[in-house]
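What follows is a set of structures to go through.
Both of the next two complexes hold chain A, though its partner changes from chain B to chain C.
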Partner chain A sequence: MIAGVMMIIGLLAIIAQFATHHEQTWSNLLMNNFMFMGMALCATFFLAVQYVAEVGWSAVIKRPLEAMGQSLPVAGGIMIVIIALGGHHLYHWMDAELFDPKSPKYDEIIAGKSGFLNPTFFWIRVVAYFVIWTYFAKLFRKNSMLSDEGDGVGYWRKNRAAAAKFLVLFAVTESTMSWDFVMSVDTHWFSTLFAWYTFSGIFVTSIAALVFTVTYLKSKGYLQEVTEHHLHDIGKFMFAFSIFWTYLWFCQFMLIWYSNIPEEITYFMLRQDHYRGLWLASFFINFITPFVILMTRDAKRKLYLLMGMSIVVFIGHWIDTFVMIIPGSMITAGHHAAEGAAHVAEHGEAAISIGSIGLMEIGTTIGFIGLFMYLVQHYLSKSPLVAKNHPMMEESLHHAI
Partner chain B sequence: MSASTKKFVYGIFNDDEVVLNAIGSLRKKGLKVKDVISPFPIHGLDHELGLDRTRISICAFLYGMTGMSLALLMIWYMNIFDWPMDIGGKPSYAFYKNLPAFIPVTFESTVLCAAHGMVITFLLRSKLLPGVEPNVIHPRMADDHFVMAIQIKDDSEIANVEAQLKSAGAVEFINK
Partner chain C sequence: MHKESELRPPLILGDKTWHDITEDVCRPVESKANKWWWLAFSVSSAALLWWIISVSYTLGTGLGVWGLNKTVGWAWDITNFVWWVGIGHAGTLISAILLLFRQKWRLSINRSAEAMTIFAVICAATFIVSHMGRPWVGYWPLPLANQFGSLWVNFNSPLVWDVFAISTYFSVSLVFWYTGLIPDFAVIRDRAKTKMSKRIYTILSFGWVGSAKNWQRFEEVSLVLAGLSTPLVLSVHSVVSMDFATSVIPGWHTTIFPPYFVAGAIFSGFAMVQTLLIIVRKVLNLEDYITIYHIDMMNRIILITGSIVGVAYITEFFIAWYSGVEYEQYAFINRATGPYWWAYWSMMTCNVITPQLFWSSKLRENVFATFIISIFVNVGMWFERFVIIVTSLHRDYIPSSWAMYHPTWVEAGIYIGSIGLFFTCFLLFARVFPVIAMSELKTIIKSSSEGEKKKAAKHSNKSESHA
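And now, the complex of A and B:
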């Protein structure tokens, strides 16, 4: 019900943006869908890690993880529609003239990247990502559902074998995915740390979504198998990966800040000059808040405190994703709009467009959260909340730390 | 555990499950189970004994803060005060503007002090530092046997306590 209302709000916000030719429309869609996709993807990743590492305690929270992963085909469909229709507003390199040496717009740096950033290879990659991810997300869930009827150990072994394959593929696809969807927004710029940085961001968002799902279900009287010991463990993941995100955020920033090379520093110049508040806010919300509040053992064991912190972490990483994507994509969107209106001839180089956070942006996000909530609820309601024949269920039920 | 002021009867067990279950049943019978010594961690033992949570995390925080303060003071003195450095081609000579460059050293120093401080504190509290005479109650207590310490008021209780320990599964007894 709430999810439905949220989806309607989101849909209205998106329609309003198209109707008013809002410059930030495509950027908003890309950024929110990227987070939505990231939550589903990293939930599947986390699930695969549980199988490969033969983890016992997490057996009771596997169903919420499986349900979260089922959003991948929807996220993939939306992503393909966004890039197919709005790619020129988002990615500078999608302009074919940049690669033509005779064109006045020829860009030597971008042309040098044409081996990787060309439309054919890009679309092959994008389709491959979602096919691979969806296949494994569905497979894990299918085996888990089948184990309810029969041989728990046998299906668990099948999932473990699949999880090992998935993790190898994930390592590659997550890296290239972060370059394709996020880093190529700032086409001239690159960072060798970017895949890790993106991973840490979407992973901690995914853990926050898991914490919210589990605590919400528990507060409503479902999933009573989850004790404060399990909450403590997922709380630790949220705490630890917030620190991990900070580590990578700082690594990337510090090395670029220190070496002060013009082609690298532009990335942070743009963010410091025009998005200083958000850029710093993402650091403080994502680092200081979890660090101080989730530090103690008792804090990680309180249901409502954890639920509140999951919302804080989500907001923090929403801002972080905003600062990752919007500054670059808005420049492309601005160029595109200016060319469409033939302003370039009159005014020369158009002034750069700056993204902002308004009702439209928040509305779009509410819509995507609603969609995610709806899908998670839908898949959770189709199966028992706990996989009863899971070989490590007894261990998980008696988990104590 | 000084033998001169307090008297103990030690029950030696050879199974971790037995010693874990014995704590509750012996306490119900009125015995003062003070401690259990085990060669490896037994799951749920802290809870059964009713021990307080370890305070080593508070120590870690204090040691970490010490390490952080020392590192920042050192860097400020070396690179800002005593010999102002042009860091990364940005000659600001201000501590806060150069802070990103100082974070790695500060982090390492924090971790170094916290980790070493914790280890040394742990060894001190466990009487494991070199030169400290270890309190060996039973030669196999660090190998495959478990020691349960029961406090007694005077020697008249020994026979009763030993009988209780025997019924709970102890294989040997030592009084000191």
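And now, the complex of A and C:
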């Protein structure tokens, strides 16, 4: 019900953006869908880790993780539509003239990347990502459901073998996907850490989504098998990976700031000059809040505090995703709009489009959250909330720390 | 009440009682060394002697006795430093992060892994001291009030961050290790037969009586130290990597360095733990405690961290091409095809290809194969640092100053000698310290020993047949 209302709000916001020729429309769609996709992807990753590491305590929260992963094909469909229709507003390199030496717009550096950044290879990769991820997300869930009816150990072993394969593919696809969807927005710029930095962000968002799902279900009287001990453990993950994100944020920023070489520093100059508030906010919200509030043992065991913190972490990483995608894509969107109106000459080099946060942006995000909630609820309702016959279930039910 | 899944293999083999554990762990401390120990000790001490000679010669004559030149001003010394610091990481990971992840199998290996950490950091520090050339002013990197006018440390320098990172790491590791040792020293004290050993272990055990209050404080301190050590696992090698990554040298300046160095450090650390423990479990008859399952688990960590390192190599190579920066591109092509190609391909083979063999559970559970692969990883990780450091430096921006680096016998002596120092320390440790954290290990005997697991299985079968 709430999810439905949220989706309608989102839909209205998106229609309104197209109707009013809002410059930021495609950028908003990309960043929200990227977060949506990231939450589903990292939920599947976390699920795979539970099998490979032979984890005991988490058996009772397996179903929410499985349900979260089922959003992957939907996120994939939306992603393909966004890039197919709006790619030129988002990715500077999608302008074919940049690669043409005869064109005045020829860009030697971008042309040098054509082995990777070309439409054919790009689309092959994008389709491959979603096919691979969806296949595993469905497989884990299918085996898990089958084990409810019979051979718990057998299906657990099957999933463990599949999880090991998934993790190998994940290591590769997560890296390349972060370059494709996010890093290539700032087409000239590069950073070797970027893939892992992106991972830490979407992983912590996904943990926040898990915390929210579990605490929400528990507050409504479902999932009573989850005790404060389990909450403590997922709270620790949210705490620890918030710090891990900060660590990578700092490494990437500090090394680029320290060396101060032109091909790299532009990335942070753009953000410091035009997005300083958001850029700092993402650092402080994502680091200081979880660090201070979730430090104590008691904090991680309180249902509503944890639920509140999951919302804070989500907002923090929403801002981080905004700062990662919008500055670059808005420049492309601005160029595109200017060219369409043949106003290139009037605009000076320095005139770049700057993204902002208004009702449209918030509305779009509410829509995507609604979609995610709807899908998670839908898949959760189709299976028992706690798996049966799982070989680690006894450990999880008796979990006490 | 805690339950343990039937899938979990036993961590202590045989039907051991608490007393059996005490006997098995104390035996090496209380008995005389066998000839194998003496043989190993003589070889290590001989290498240590070579180390003393080489270091003395360096300090007496000057750093000119090393193979450094104007272009390659940093080579074996820093390679060995990074290699040793990296090796230390496994101990901290086992005792801090595996504690937070409640991995019971850490209990049989944490003591010796932490000892290894401490000795490895000592070995690393020796390279800093010998590279100083004038170790008697070795306190200069510390921000001490002094009478030397403008002499003050440069806080902008990552080398100064290193001083703090490494010294913090060493202190915390040492305290953590020692805290764990106190109850075990008390056990040895209570069993001591000679006056001398009674006196020594009395001092070492800090008046431990094993009361509830003692244990409560012990657990509290352990948790606090684990909390402190966890960020140290990441921070120490990150700071080491910043020695390179903050520069503008192609091949050094890359943002992935901090986490990639950490993964590499854990990778090499576990390889060294395997190398040592495979020998220790055999020589000291500890196969019931350091089981095949333990070896398997460590091999899995080697596989995972080795793969992370592989992903980092490929990422660096890819981004160097993608960046379009010709200096970056050349640095990587030069690594793979330049005059040091053999070092690069040794690194690739040892670090990326060999650990992938551990996908096979047969090899993971094979002691001999594990030992060989662990040596490969140790070698590969040494080459990794050599490749990063020397190949990036020897051909810099100006082709007229390109040069090659060749180590001298003195440098070889300091390196091999440091391995001697390491093993001498470790062998002494294995004679006078309990190599397994016996008091802590005893806490899992009810849940995880083979005997208790069999009893539980019998019990549940019985109750099922009654029903």
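The definition used in the following text is that the second predicted complex is superposed on the first by the 395 of 401 C-alpha atoms of A that agree within 3 Å, B and C clash if a C-alpha of one lies under 4 Å from a C-alpha of the other, contacts with A are read in each partner's own complex, and residues count from 1 in each chain.
Here, a contact is a pair of C-beta atoms (placed from the backbone, for glycine too) under 8 Å apart; a residue touches a chain by one contact, two chains touch by 3 or more.
As the structure is a prediction and not an experimental result, all values here were calculated from the model.
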item: Fit or clash between chain C and chain B when superposed on chain A; value: clash
item: Of chain C and chain B, partner touching more chain A residues; value: C
item: Touching partner for A:Ala19 - first (chain B), second (chain C), both, neither; value: neither
item: First, second, both or neither for A:Met1, with chain B first and chain C second; value: neither
item: First, second, both or neither for A:Ala400, with chain B first and chain C second; value: both
item: First, second, both or neither for A:Ala195, with chain B first and chain C second; value: second
item: Partner chain(s) touched by A:Val172 [first = chain B, second = chain C, both, neither]; value: second
item: Partner chain(s) touched by A:Ser259 [first = chain B, second = chain C, both, neither]; value: both
item: Among 171-179, 243-251 or 459-467 on chain C, the segment whose C-alpha atoms clash with chain B after superposition; value: 171-179
item: Shared contact residues on chain A - chain B and chain C; value: 254, 258-259, 400
item: Chain B contact footprint on chain A (complex, rising order); value: 250, 253-254, 257-260, 297, 400
item: Interfacial residue positions of chain B with respect to chain A in the complex; value: 43-44, 47, 53, 87-90, 100-101, 103-104
item: Interface residues, chain C side, partner chain A - complex; value: 1-8, 100, 102, 231, 234, 238, 242, 245-248, 253-259, 307-308, 311-312, 315-316, 319, 321-325
item: Of chain A, residues touching chain C in the complex; value: 54, 56, 108-109, 112-113, 115-116, 153, 168, 171-172, 175, 179, 190-196, 236, 243-244, 247-248, 251-252, 254-256, 258-259, 261, 263, 391-392, 394-395, 397-398, 400-401
